[in-house]
Each structure stands twice: as C-alpha cells, then as structure tokens.
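Naming follows writing order (A, B, C, D, E and F), and every chain is counted from residue 1.
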Amino acid sequence: MNNKRYILVSGLILGLFAIVGTALVGVTHQVTADKIIDNERLALLRKLNQILPSEKYDNDLLHTTISLDADDRLGQKETSTIYIAKRGNEISAMIFPVIAGKGYSGEIKMLVGINIDGTLAGVRIVSHKETPGLGDAMEIEKSDWVLGFNGKSLNEPAENKWKVKRDGGAFDQFTGATITPRAVVQAVHLCLVYFDRHKKELIEKYNKQVKLSVSNKKSGEPVK
Amino acid sequence: MSILIAIIVLATISVFFGLLLGYTSVKFHVEGDPVVDKIDALLPQTQCGQCTYPGCRPYAEAIAAGEANINQCPPGGETTMLALSELLGVEPIPLDSEHADDPEKTVVYIDEQTCIGCTLCIQACPVDAILGAAKQMHSIIESECTGCNLCIPPCPVDCIHIIPVKIEPETWRWSLPESTDTSPKA
Amino acid sequence: MSDTNYNEISKNGLWNNNVALVQLLGLCPLLAVTGTVINGLGLGMATLLTLVLSNAVVSLIRHWVRPEVRVPVFVLIIASVVTAIELSMNAWLYELYTVLGIFIPLIVTNCGILARAEAFASKNSLLPSMLDGLMMGLGFTFVLVTLGAIREILGYGTLFSNAHLMFGDMARNWTWVFVEDYSGFLLAILPPGAFIGMGLIIALKNVIDTHNKKKQTISAAQAVSASEATA
Amino acid sequence: MQFKTASSPHIPQQNSVQGLMFKVLLAMVPGTIAMIVFFGWGVLINIILASVVALSAEALMLWIRKRPIKPYITDGSAILTACLLVLALPQLAPWWLTVIGTLFAIIVAKHLYGGLGFNPFNPAMVGYIVVIISFPKEMTQWVPPLLEGYTQLTFTETLSIIFGGDLPLAYTWDAITMATPLDTVKTQLGLELSINEIENHKEYGGIFGSVGGFGWEWVNGLFLATGCYLAVKGIIDWRIPAGLIAALLVLSNTFALYDYASFTPPTFHLFSGGIMLAAFFIATDPVTAATTTKGRWLYGAGIGVFIFIIRTWGAYPDGIAFAVILMNMAAPLLDYYTMPRAFGHSWTEFPHHHKTDDDDE
Amino acid sequence: MTRSSRQLWHFHGGLKLESNKAISTQSPIVKARLPKRLILPVQQHIGEAGALLVKKGDKVLKGQAITQSTEYVSAPVHASSSGTVIDIDEYPAPHPSGLNTLCVVIETDGEDKWTELQPTHYINTKSPAELRQLIRKAGIVGLGGAAFPTAVKVNPGPQAHIETLIINGAECEPYISCDDMLMREYATELISGCGIIQYMVSATHCLITVEDNKPEAIKAIQAVINEQALHTIEVVSIPTIYPTGGEKQLIKVLTQKEVPSDGFPSDIGLLVQNVGTAVAVHKAIVLGEPLISRIVTVTGEGVKQPQNMEVLIGTSMSELIEQSGGYHDDACKLIMGGPMMGFTLQTDHLPVIKGCNCLLVENTPEETPATMPCIRCGACASVCPAQLLPQQLFWMASSKNFELVQDYHLFDCIECGCCAQVCPSQIPLVQYYRFAKTEIWSQERDRIKSDHARVRHDFRQARLELEKKERAEKLRKKKELLEKKKIAEAAAKNDTPETEIDPKKAAIEAAMKRVQDKKAAKQNNNTSSDE
Amino acid sequence: MTEYALILISTIWVNNFVLVKFLGLCPFMGVSRKLETAIGMALATTFVLTLSSICSYLVNEFILEPFDIMYLRTIMFILVIAVVVQFTEMIVHKTSPLLYNVLGIFLPLITTNCAVLGVALLNIQKDNNFLESVFYGFGAAVGFSMVLILFSGIRERIAVADVPNVFQGTAIAMITAGIMSLAFMGFIGLVN
C-alpha cells in the first residue's frame, strides 16, 4: 500500500515538473517561433545576396526555386534546389548549388550564380574539408580569390583556359596548393556548361511551375 | 493549442517515467556501502584521531562521503595515502607538511619504577595494549601497541615514553636508491 | 549549512573550485567554442544564465524531490531553462547561435550544471544557491574568455573579432588587430590547440596558487619570527 | 676500515645512454649526407639551426626544472630529436618553422613530461605534426632533387631563403620547389590518372627514378643500410622496422595486385618519403615505443598500417608522423597486453586480462 | 654415458661474464688459522632461530650444539672450536643492513677439542628419516647461497617423488671459486655426499653439473666416478652463462622443465643441492661432524693474495683478509658473495657465517657514467632469466605501486642483477626490487598488525558498549530489585532468580566487578594524586 | 553496406567524438586515471550511447515529429536518457553486483556526458535513418572508448613520470589529449 503511494508520488512529481518545464518552453517557443523562421530565411538570403546583390533582382528569391534531380555534372547526388532571380518578369540569374568532388580532401560545396546571359554573377564556398591554411584560401573570408570568377563566362576566358595557371589556364592557384583551385575551377566550368546546355529546359520548367501554381491559386507561391 | 499538446505529451511521458523509476526503486532496492569497509581496511587502525576524526572508521566514512581528503592520516603516511588514491581513483595529494614521508614506527613503554598503577592509561588505550590492575605497576604488550600515544596525556606521573620499534635484520627494509633526481617521482 | 559565507562562495566559484579549472567539468563547450573571445563570452553568458536559473529552481524545490526521481527532475529543469535560452538566442542572437551550434543545447549536459544542482543548490537556500550559480558561471565564463583570447590572438592575430554577433552592428569595429596580415598559427584554432591551451591555463593557475601559498607561508613565518622577536 | 655500500651488481659496466645516442647519430650520417647532396644545403643549415635551438631549449628547461644540466645536455638525445625533425621538414623551411617545431618537440613533447625517458610521444614527430598542421603552406617547400631542368640553389641563396624569407630575384617559388614524389602520386591519382600515366608524365616522370623517386631511393637505401647495422649491433630492436616494413609491404602489395593502376606500387611505398628513416630511426625511439617482444612487432606493424592508410586515403601525403604518434598512444596498452610469460608461469594466467573489443592495437 | 650425449637446453637471457676465477685458484685451499674469538650468530639461515643451549661462562667443545631447533624450518648452530662462552649479546651481523643480531661469542682455548662424534659407517643401516634427523642435528643449510635448512629440503613430503638429484657445481658468478676448488680437492667426499642424498630421497639419477670453464673440477669428479664405476651419478658440463647456477635456470638447462612459479623443484621430481652442501652431508653422516666450517673464496683486485680458505664459522673476516696478504691501498668495497648478487659490508669486523661463500674486495672503479632515467630500451628484459619486464618492475617500484609491481611478478625476480648489468642508464635496478620486496613484506606485517588492532579495537568498543548497557541495566535492576524487595517484603516472600547459572549473567557480573574495580582504581588514583 | 562502414570509420577515426568533436570530455578527463576504470567507463558509455541513439530516434520519429513539437527535442532526449540510464542502473545494481561493479557505478555519470545528448542531436541534424543512427551511436561510442582507454594507458605512464610540478595532474593530461588530437588530425580526408 505504502509502496504504491510511493511509486505514484514519484510519477506525479516528475509529471508536475514536466508540465511546468514544458509550459515555460512552450511559451518561449510561441514568442520566438516567427522570429526564428525569419532569421533562417534571412541568413540564406544573405548568402545568396553575396552572389547576387539584392538590387539585381526584385523577386522573393527564397521562394522562387525549381528543384533539380541528382545530376553528376553539378556534382549533386541528391535532389537540389536552384534559386531563380527575376527582374520584373524576366529571369535575370540562377544560383546553382554545386559540389566539386575532386578537392584535396573531399567535397567542396559551393553556390554558383550565373546571370541569364551566361556570365558568372559570383561563386561562394559553402563548406569544404581542404587543409586549413592551404586550401581554404577559396573562402571569401580568407582571400579574394573567388571574386576572380565574377564576370567570367564560358568564352571569357576561352574554353581551353578554364584551368589554373599551372595547367596553362587563366586562373591563379594558391601557393603550394593547386588541387583545390583546380577542383573549384573545374566545377564552376562544368556548371557553366550545364547552364549553357540546359538554360532553355530550366526556364521552361520554371514557367511550367508558375503556370501550374497560377492555375492553382495566386502567383508567387513556392512550388514544390 | 500546440502548447497544450506539448504539455500533455511530455507530462504523460514524465508521469510514466516517474512511475517506472518509483517502481524500480522500490522493487530493486539495495542497501549497504562496501566502500567504507574497503577504506577502513587500508587505514592503520591506530585509532589516534590525528585525522581529526574519532578513530579510523569514522575517517573512512568521511572519505567515502567525500568530506575528508585522503591525506589526513599521519600514522599511515604516504603509503596509506597512495593506497587510498589507488582505491578511490583520485589524484594523490601530498601529505600535510610535517609528515612528508612515512613516519617512524613507535611504541611506548612504561617506566615501571615511576608507574603508580592508576589505570588511566588502560582506559585511554584503544586496543587494550596495557596490562595491569589498580595500584599495580602497568606494562605495555609491545606486540599489541599501535603507537598511537593516546595513553601518554592521561598519565599523571609522565611515566610513559615513546620508543621506536626495534628493527631486526629480518624486518629491515631496503631504501630507494638515493640519486632520485634522475629517477621518476614517487 | 545554516550560516552561509558569501565571500567563500564567490571565491570558490571564481577560483578555488572553478568549474572548468578545478572540477574539470563543462569541458566540451569550453574547448569547442573558444576559437574567439566572443564565442567564449556568448556561451559563457548562456551557461551563466542557466546556472543561476537552474540553481534557483532546484534550491526552491529541494525539499520535494526524492532520490529516485531527483536526477530526472533536475535534468528536466535544466533542460527547460536551456531550451528557453536556446530558443531566445535563436531568435535574437541568430548568428551567434549558428556559430555555437550544438553546444547550446548541450549546456544541458554540461556536467558543471548538474553538479552544482546536486552538490550545492539541493542543499542550500535560494540566495546562496543563486550566488553560487552566478559565481560558478562567472568563473566558467572567465576561463572561456581567457582561452578564447589566447586562441584568437595566436590563431588569428586579433581580439574581439565578430563582436557584432553578440553586441549588434555597432560592435563591428571593436576588433583589435594585433598583427596585420598575420598568417595565423593554425594549431591554436584547431582542436589540439584547445587542449594544449587549456593545459597551459591550468598550469598557470597552479603557478599562481603555489606562488600564493609560498607567500602565505613566508608571511606566516615572518609573523611568527616577528612575534618571536618582540617577545 | 669502512667500506662503501651499494646494491649489487658490483661489476662496473660501460653502457651508457650517451653512447647509445651517439651511435644512432653516427648511423644517420650517411643518409643525411645523401640528403644534402640531393636536396641542397637547406638540410645542413636547418640541422645546425635546430640543434642549437634544441640544446638551448633543453638547457633552459633543465635549469627551470632544477635538474642537473650537464649529463642531460651531453646525452645526445636533444640533437637526435633535432636532426630527425629536420630530416622530415622540407629543405627550404623558413627558420622560424624549424624553431617552432624544435621548441615544441623539446619543451612541450619532452620536458613537460619530465625530459629524457618520460615522454610518451616521439618529440620530433610531435614537432613535425605541429608545424605541418599549422603551416601547411611552408611545409610544401620541398626542393627538387638534383634534376635536370630545375635550378640548384647555392649555399648563400639557401641561407637567405631560410633566414630572409625572400626569394632571390631570379626565382619564383614554383621554380625552385616542387611536390615530392609521394605528393605528386597522390595528387595525380586524385585526378584519376593511372600509375602508369603518372610515371610517364612528361613533367613528373623524371622524379620517379627507378624505385622510390629520384634521390629518395638513395637516401632511403642508405638509411636502410645503416639501420640494419644498428639492428645487428642490437642498438635498436629489429622487430620494429621489420614489422613496419612487413605491414607496409603486405598492404601495398595486396592493393597493388587488386588494382595496379590506382594504388601506389610497393617499391615506391618503401623507398619514397621517409620510410627507412622512420622504420629504423624514428619508430625505434625506445622511450616511446612498445617494449615487449610481441608488443614491438605489433607496434611496428601498426605504424606501417597507419602510414599506408594515411598515404592512400588521407589528406597528408606522408603519414609517418601521425602513424608514429598514433602508435605511441597505443604503446602502454601494447606493453600491458603483451606481457611475456614469466618463467614458471603458464601462458593462460595473465592476471588482469580484460580484453575489450574497443581497444585497438 | 658420455657427457656429450646429454641434450641441454637454454634459458632466456643471461649474460656471458668475464669469470675472473683464475686469480684465486692458483693455490690449493688453505686452512685458516684458529682465531682467538669466534662470533656465532644464532640465526644464519632461512627460517626461525633456534633456542640457546648455552649461557655466559659455559665451556664448550668443538662441534657442540649451542642452539637447538624448536621449529621445523630451522637449523642449530654449533661451536666451531672449543673454548668458553664469554658473551651472548647483539653484534653486527654480516647483513646488508649492518644491524646487530644476537650472537654467541666464544673465546677459543686453542685446543680445538672435538666433542664426541657419532659417525655412521653403513648408510644402508639407517632409514632416510634417521639420516635426515642426523643432517638436521648437524645444522646443515644450503651452502649455495640461500642457506635454507637442508633437512627440510631433502624431505619433499610423501607425495613428491624425486626422480633426479641435481648437484649444483655451476658456480656461475665471477670471482667465486670455492666450489671449483672444493670439487677439485674433495671429489671423493662429494661423490659420497651425493650418494647419501640420493639414497635419502631415493632418486634414481644424480647429475653433477659444472660449468665448462672448470675443466679440472670436471676431470676430478669424472675420475672418482670412473674409479668407483658409478652408474647413476653423472657429471654434466654446461655452458658458462650467468646465472646458469640458479636453481630454476639449471633445471631448465638440464631438463627443459620450468619450476612453477609458486612451486619447488620437488614438484617436478627434482632436488637441487650445492656441491658444498653435499660434502657437508658426507661429513655429517660419515664423520658425524656438524657444519662448523666452510670454504670461502677471498678474492678481488683489492686483496693482495687471492685464495680459497677453509674457515671456521664465526671467524672474523678481517682475519681472513689479513691471512690473504691484506688490502691493496685502493680497496674500497667489501662484498660478501659474488659481484653480481653479493651485498656490500660496511666493515670487515664481521663473522663468517654458513652462507658466506666469498669475500670480494673491489678497488676504486673508474668513473662510471651517471644514472639516467630509464629509456625503456628493453635491454634488461632481453637478459632477464626470469623472463620478466625489469623496466616495468622498476617503474612500478620507484612509484611505490606495490600492487602492480606484484602483477608484473616481482616475486619471480631472482635478483640476479643481469638487468642492472646491461642497463645503459646505469639504474641500480636490483635495489629497486629489493626495496619493493622488503616494503611489501613490511606492509604485509603492518596489515596483519592493523587487522589485529582493528579486532582488538572493535572488541574494546563492544565491551565498553556492553559495560554501559550493563550499568544502565544494573541501575534499572537495582531499582527493580528495590521495588521487588518492597513487594516481596510486602508479600513476605523471597525469590532469588540470580542464583541460576546463566553464562550471560555470569559475564555481566564479571564485567560489573571490573567496573567496580576500575572505579576503585579511579578513586585510588584521585586520592593518590591528592597526596 | 559501405555506408555503414564509412559511418563507423568516420565516427571512430576521422570525427572522433572526443578528440575532434569535443564531446564527452568530462568523463574523458575524469575517469581516465586508471586503465581498469577507463575500461568500465568505456563499456558503460558504449552501452548508453548506442541505447540513446536508438531511443532518440524512436522519440523523434514517433513523438516529436507526429506532434510537431521539435523544439522540445532537448528536453525529451535528455529526459529519456536520464530515465533509461537510471533505470538500468537500478536494475543492474540489484540483479548483478558483478556487472554493477564493472559498469553500474559509471552509469549515473553518463547522464551528464555531452556525447550522449550530442549523439541524439547530431542524429537528427544529419537526418540519419534508424540503422544509421544505431551505427552512428555505436561508432561514436567505440571512438570514445578507444581514446579513453588509450588515454588511460598513457596517463598511468605519465603518473610515474617526472612531470614538472605545475603541470602535474590535469594540466599534463590536457596537453596529452592535445597531442592525441594532433595525431587524429592525420585522419583528415579519410572519409569525405
């Protein structure tokens, strides 16, 4: 009898504190939830804006996307999301997530922004495992090297110059580390090629989505 | 609404867990603390109280409860401290200043000429190492004496003296080689 | 423990029984996020807040809980406090939050906190408990900041970089640059540097402690000899 | 008459730590000379620099720790550490790199643990790892061996590069440094070239020599020869190099047989980089190695395995230092679990054999 | 059976040492002069000291027992010459500690008169047990070094069956040559002794093992064997590797068997005795002489005339040195035993005891390199004949980790010194092991003592508790009694339940009495201090 | 199958919980003085870490997500872990004194081991499926155990070394951990 009460009290104490604790957290959650979602959105946007400054587009970049099946040419092994920038009603640029597979020690994840005319809007490294102090010069925080891609396109420099200088190309390597820049240059190049080949397809795909959602509801909604 | 769900879910689970723990604590109750015994076995059982506890076992209990350090027993010296640190898996602590090394072992003897047979020492001795009856001269059973010196203060005529335990060739110990500055620390 | 010695509590928390240096608790965040001073400070503050609040709550409820549910209850309290802090940071200090990452929720398992709850708060009344939490938290933050400073100076050649993560945009130019164009001593920033730096800090504390002790014994000896001289 | 007392034995003997260290140092001379010949004065300059720094640091630490200075400063272990560290560094390593590495080796890896005999990790290798992870850029400044088409620097040029940090006007870094054969193979394999293609590559072909890379094969050969001499003399335990080389051979052979095109051939593994130096002079550091017979086999083999893993799949071209420190970590346990059967005891009675599946060897 | 036919094995490790025996084997064994005074420690062996049979002033004859064994593992001591007991007191012992030990001092009368001896002429008429008794009475202990009572060793117990008797003439330590000389000059007695022991333990074989650097000794023994056409005794020449004379190593070399760590050779059917012990057995049985003398090698670079001497037990070492030409000027170390295992003595005014086979005087050595920390080179492990890891023992011993050091088999170390001999860091390893061993023994004694103290303390606590209770009880009883009395008086009836003999009650009563005594004592005390 | 092998390699060597990810450092420093206790702790942690991986997966899958209360994950996980650990401890204490001596005394310590909550949170962060979670937890535990045991071996050795006074104890232990972590840097790049 006594034991039963003992056991019951244990349960109730724990339950009581659970209620109090959850209430506290729940209230905090209610207060902060919107702000948090906002934050996350803003953070992503900030990254995209580094490639594509906000004055260059006027749409809701985060919600204007198309998804892409896994594609070797972009190094993607899973479905990925391409962000579409628009100016007025025209598509002005696209931002591709690209993975360079041949870094010195693993994959280099980046975002590659390509203007609709085929020039590079910008390249940023999202994450990598290169040697700190050697291969990490591609990070914008460490050096300006990635800025060298700005404005380049498939023909500028010429096709056969899409290499690092060591290999006779147009791009600098880092002292003592050629592999990393080589990999990045190669991946950016591949992405440009991809864009060149599939530009139409991509635009069509996007337009179809818009139509679909317009017919469904109003425009501007993200489409999955 | 969402808060309510959260609270309900968590509270349910918590109550369940609480019941579970309550149940197990009742059903799987275990008693006793063997650690104290283990510690006590390492102490020299001199019962001298220099550790500030009234005897070895209380000190052992204090150590087990985490209230006392392992370096408070002068009769045990460094050896005991090291043994305790080994047992409890704690870092060895140097002994309090004076008793830096293992103390010399001593016993006491009663100057039988001066002893008046008051039996005060008998009452003080924690291990009954003193023989004698009232008004008769007393003597120490040397093999039983632990050298705690507790019998000395009560003696009204100061007839109890400390002597080192005699070392025989058989009980003699080799010392560590002297040039310790190039050898590992103790 | 009826008569509480606030002085003693403070001393213990800050130095003598410092959570990180002496008790060796809460090491994971300590080593993981101290790449820069600001990161250290951020986590330190979060931990401090958690310590004070959880100590307070635990001290208030200390008579109610029973042994078999004590740990779960304490853990529940700490976890609630931490989650609330985590959510708040996520909302208002977003960038700092992303930098500190998993180590914010992991404050829950910062052994230091549960240890204080068990060792102090569950045995003391509200005020001393909160003070204990505060002092322990300050001591912990102090170590976080020191280690952060060492690693930041050696690793990046700067101090207080990224202060805006914590103090907002006005802090952007707080960064002190010690060496322009410093190429960086990577060891300091990488995991091994954290361990070695911590080792050095502990050693430094030992140096200070032995020095103090020596001074004490010397002054004591002097006092004795002085009194002898006068006698 | 009063006599001196001492514990037995009472026969004076002349073995000494000093003698041991100097014999090892002596055995390193031929290989070191070969390095100087093939890779220029940088080796010598850095050895001298590192030795001076090492001895000063040793003396300083002994003084701070209030230990007798003379017996330790003359025991040769600090110089040995300095030499081994330098032999692992690129020849044009700037002076501060050598100094930082040496200081870390002597102060942190050796004296914080109590100096000679107490350090659990190989000091030279700790120093090496510290600099390679801290200054990877400078750690790639290897000079091409005496090879056609590459400039050979003069003594003064080398000196000014090492201490001045600037290049003589006529040169660029890319002209006077090149990746080591190991590095080249690794990076080229990364580009999905086959071993054959790499060997026949117009630019890299020359550096491969016949077995382990031009120059390297000589250096390794000489270290192998003098190392064997030490082993025969019983100054080092032959089991460690044997285990190391055997493990490396077995692994590289297996993988090369499996896919010749994309795994480095065994001969190349053995004669390139610092393998022989590592096998006979570094892995054998008695202080940090395992001490039991079986333990030494496993210790050597472990190093071989880790070297192979790091070389083949890791980010660093040569994994010697990492492999050595990793096995240093395991040495106490190896010793513990490979205790020999004492005389009069049975094989099965090892007193506290808690084997766990988590403990690696 | 020829010598070469026997297959031999190796033991792990060991050292090839320079033997340096030749310097003391140039001349035959010399009989030492009869000293004026003999100092006989009563404890010269492993085991318990015997009880004294003489007192100050007693006249004793040569060979007369002056102690008598009271324990099983013990050996009596005999007067080595005739004379008067002039003192029984503590004198410095030939022991590394330099401490004093109880000795009987005899002033010799120069007559060297034997007590009555009882030789046994026909061994076969006595049973092994009777022979053992004779050996026991003769005070024979192992002369190979350990001084373990031989009578105990030759009684391996009813289960054990001794197949082979091994007579240890290896004498593997450098400098020592007493066994060598003994084998050369007393080969006949040796063979006789072997026969007796063989008979006592009913061993089928007897192997006399001699290192191959003592060809003369081998020849001498072989000659006797051939002469007597013995078939069960064989002399075996074994390679000279230190410490092949160690009992376990010797057995390994001869049989490939290993004596179990916690066992004795008798467990695997073997018995090892030193050659000197065998000769002593011969003397004890055939001549009836107890062990009163032994052969001692006096040698070393520090002594002028190295030689072997037959010495009465109790002779002062200083006299032996004097008779060997005295010290060279640069003599600095006096060692009892050999250079590998012997221990240094502080002075030469010490008696020769049964276990003293050699006095080695070393001169000042050249400067040896300083002691350095262990560099774990493993040289020690590669020479350790006990297959231990000496460096681990060293690390554990020096950090006083006495538990772990035993896990590393400290007690299998035979203190041979090989490890210290090859250590490049010049670490006095053996001293560390001796330190650890004696420390562990001492702790064991302390532990026993503290266990004992705990029991006594607990007992006392319980007693005090009981007394307190009793006092309370007594008070209560008194009250009760009073009340009862009242009731009883009222009822005019008397009841005496206390008369029942209840042991508990009796104890209580006794205790009460004690308390009263104590109270009395206290009062006494008070009064006395009042005075 | 290779992906599971890679998870193991990654958690044990490349992203070792203790030396690279900084999780579970307190027990790493606290119970590594003696080899024996380290082994006990290693076993106990392996048990709890694997268990906690499983529990957290289940909690996430069947409670947090269905009810959409992801923000309670920290509370939920730690509560479940604490209770499971305490429950196990009580059971072990009663049923097997032997096992309790080996494992049990370490169990309460483990609740406050970051690695335990860390593994739960990381599993969610990485979107691991059930088997991946199990392997991830187990690998992390093995990695933890391995370095803990190695570390204790070295610490036993250091304990008898002539370490300068101010570095004795925890300071030198930290530096040792630092050097171990240096060595583990060598595994960078093994798993992409």
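Note that in this section a residue touches a chain if its C-beta (ideal position, glycine included) is under 8 Å from a C-beta of that chain, and two chains touch if they have at least 3 such contacts.
Here the structure is a predicted model, which means the values were calculated and not measured.
Chemist: Stepping chain to touching chain, what's the minimum from chain A to chain D?
Modeler: 1
Chemist: Counting one step per pair of touching chains, how far is chain D from chain C at the shortest?
Modeler: 1
Chemist: By CA centroid distance, what chain is farthest from chain C?
Modeler: Of all chains, E has its centre farthest from that of chain C.
Chemist: Comparing centres built from CA atoms, which chain ends up most distant from chain A?
Modeler: Following the centroid criterion, the farthest chain would be E.
Chemist: Can you check which chain pair, B-E or A-B, has more C-beta pairs in contact?
Modeler: The greater number of contacts lies at B-E.
Chemist: Go ahead and note the Å separation of the Cα centroids belonging to chain D and chain F.
Modeler: Using C-alpha averages as centres, the distance is 33 Å.
Chemist: Just the number, please: Cα centre separation of chain D and chain E in whole Å.
Modeler: Centre separation, chain D to chain E: 52 Å.
Chemist: Centroid from C-alpha atoms only, then distance chain E to chain F, rounded to Å. What do you get?
Modeler: The answer is 55 Å.
Chemist: What are the residues of chain C that contact at least two other chains?
Modeler: 68-69, 72, 76, 79-80, 83, 87, 183, 186, 190, 192, 196, in rising order.
Chemist: For chain F, jot down the residues that touch at least 2 other chains.
Modeler: 71-72, 75, 79, 83, 86, 90, 160-163, 167, 172, 175, 179, 182, 185, 188-189
Chemist: Would you mind listing the residues of chain E that make contact with two or more other chains?
Modeler: Touching at least two other chains: 96, 370, 372-374, 395, 398-399, 401, 428, 431, 434.
Chemist: Would you pull the chain F residues touching chain D in the complex into a rising list?
Modeler: 35-36, 39, 42-43, 46, 142, 145-146, 149-151, 153-154, 156-158, 161-164, 167, 172, 175-176, 179-180, 182-190
Chemist: Flag every residue of chain E that touches chain F in the complex, lowest number first.
Modeler: Of all residues in chain E, those touching chain F are 373, 395-396, 398-399, 401.
Chemist: Which bits of chain A are touching chain F when the two form their complex?
Modeler: Against chain F, the touching part of chain A is residues 18, 21-22, 25, 29, 104-107, 129, 131.
Chemist: Where on chain A does chain D make contact in their complex?
Modeler: The contact residues of chain A facing chain D are 102, 104-105, 129, 131-134, 166, 174-179, 182.
Chemist: In the complex of these two chains, what residues of chain F are touching chain B?
Modeler: Residue list for chain F touching chain B: 31, 33-34, 37, 63, 67-69, 72, 75-76, 79-80, 83, 86-87, 90-91, 93-95, 160-163, 169.
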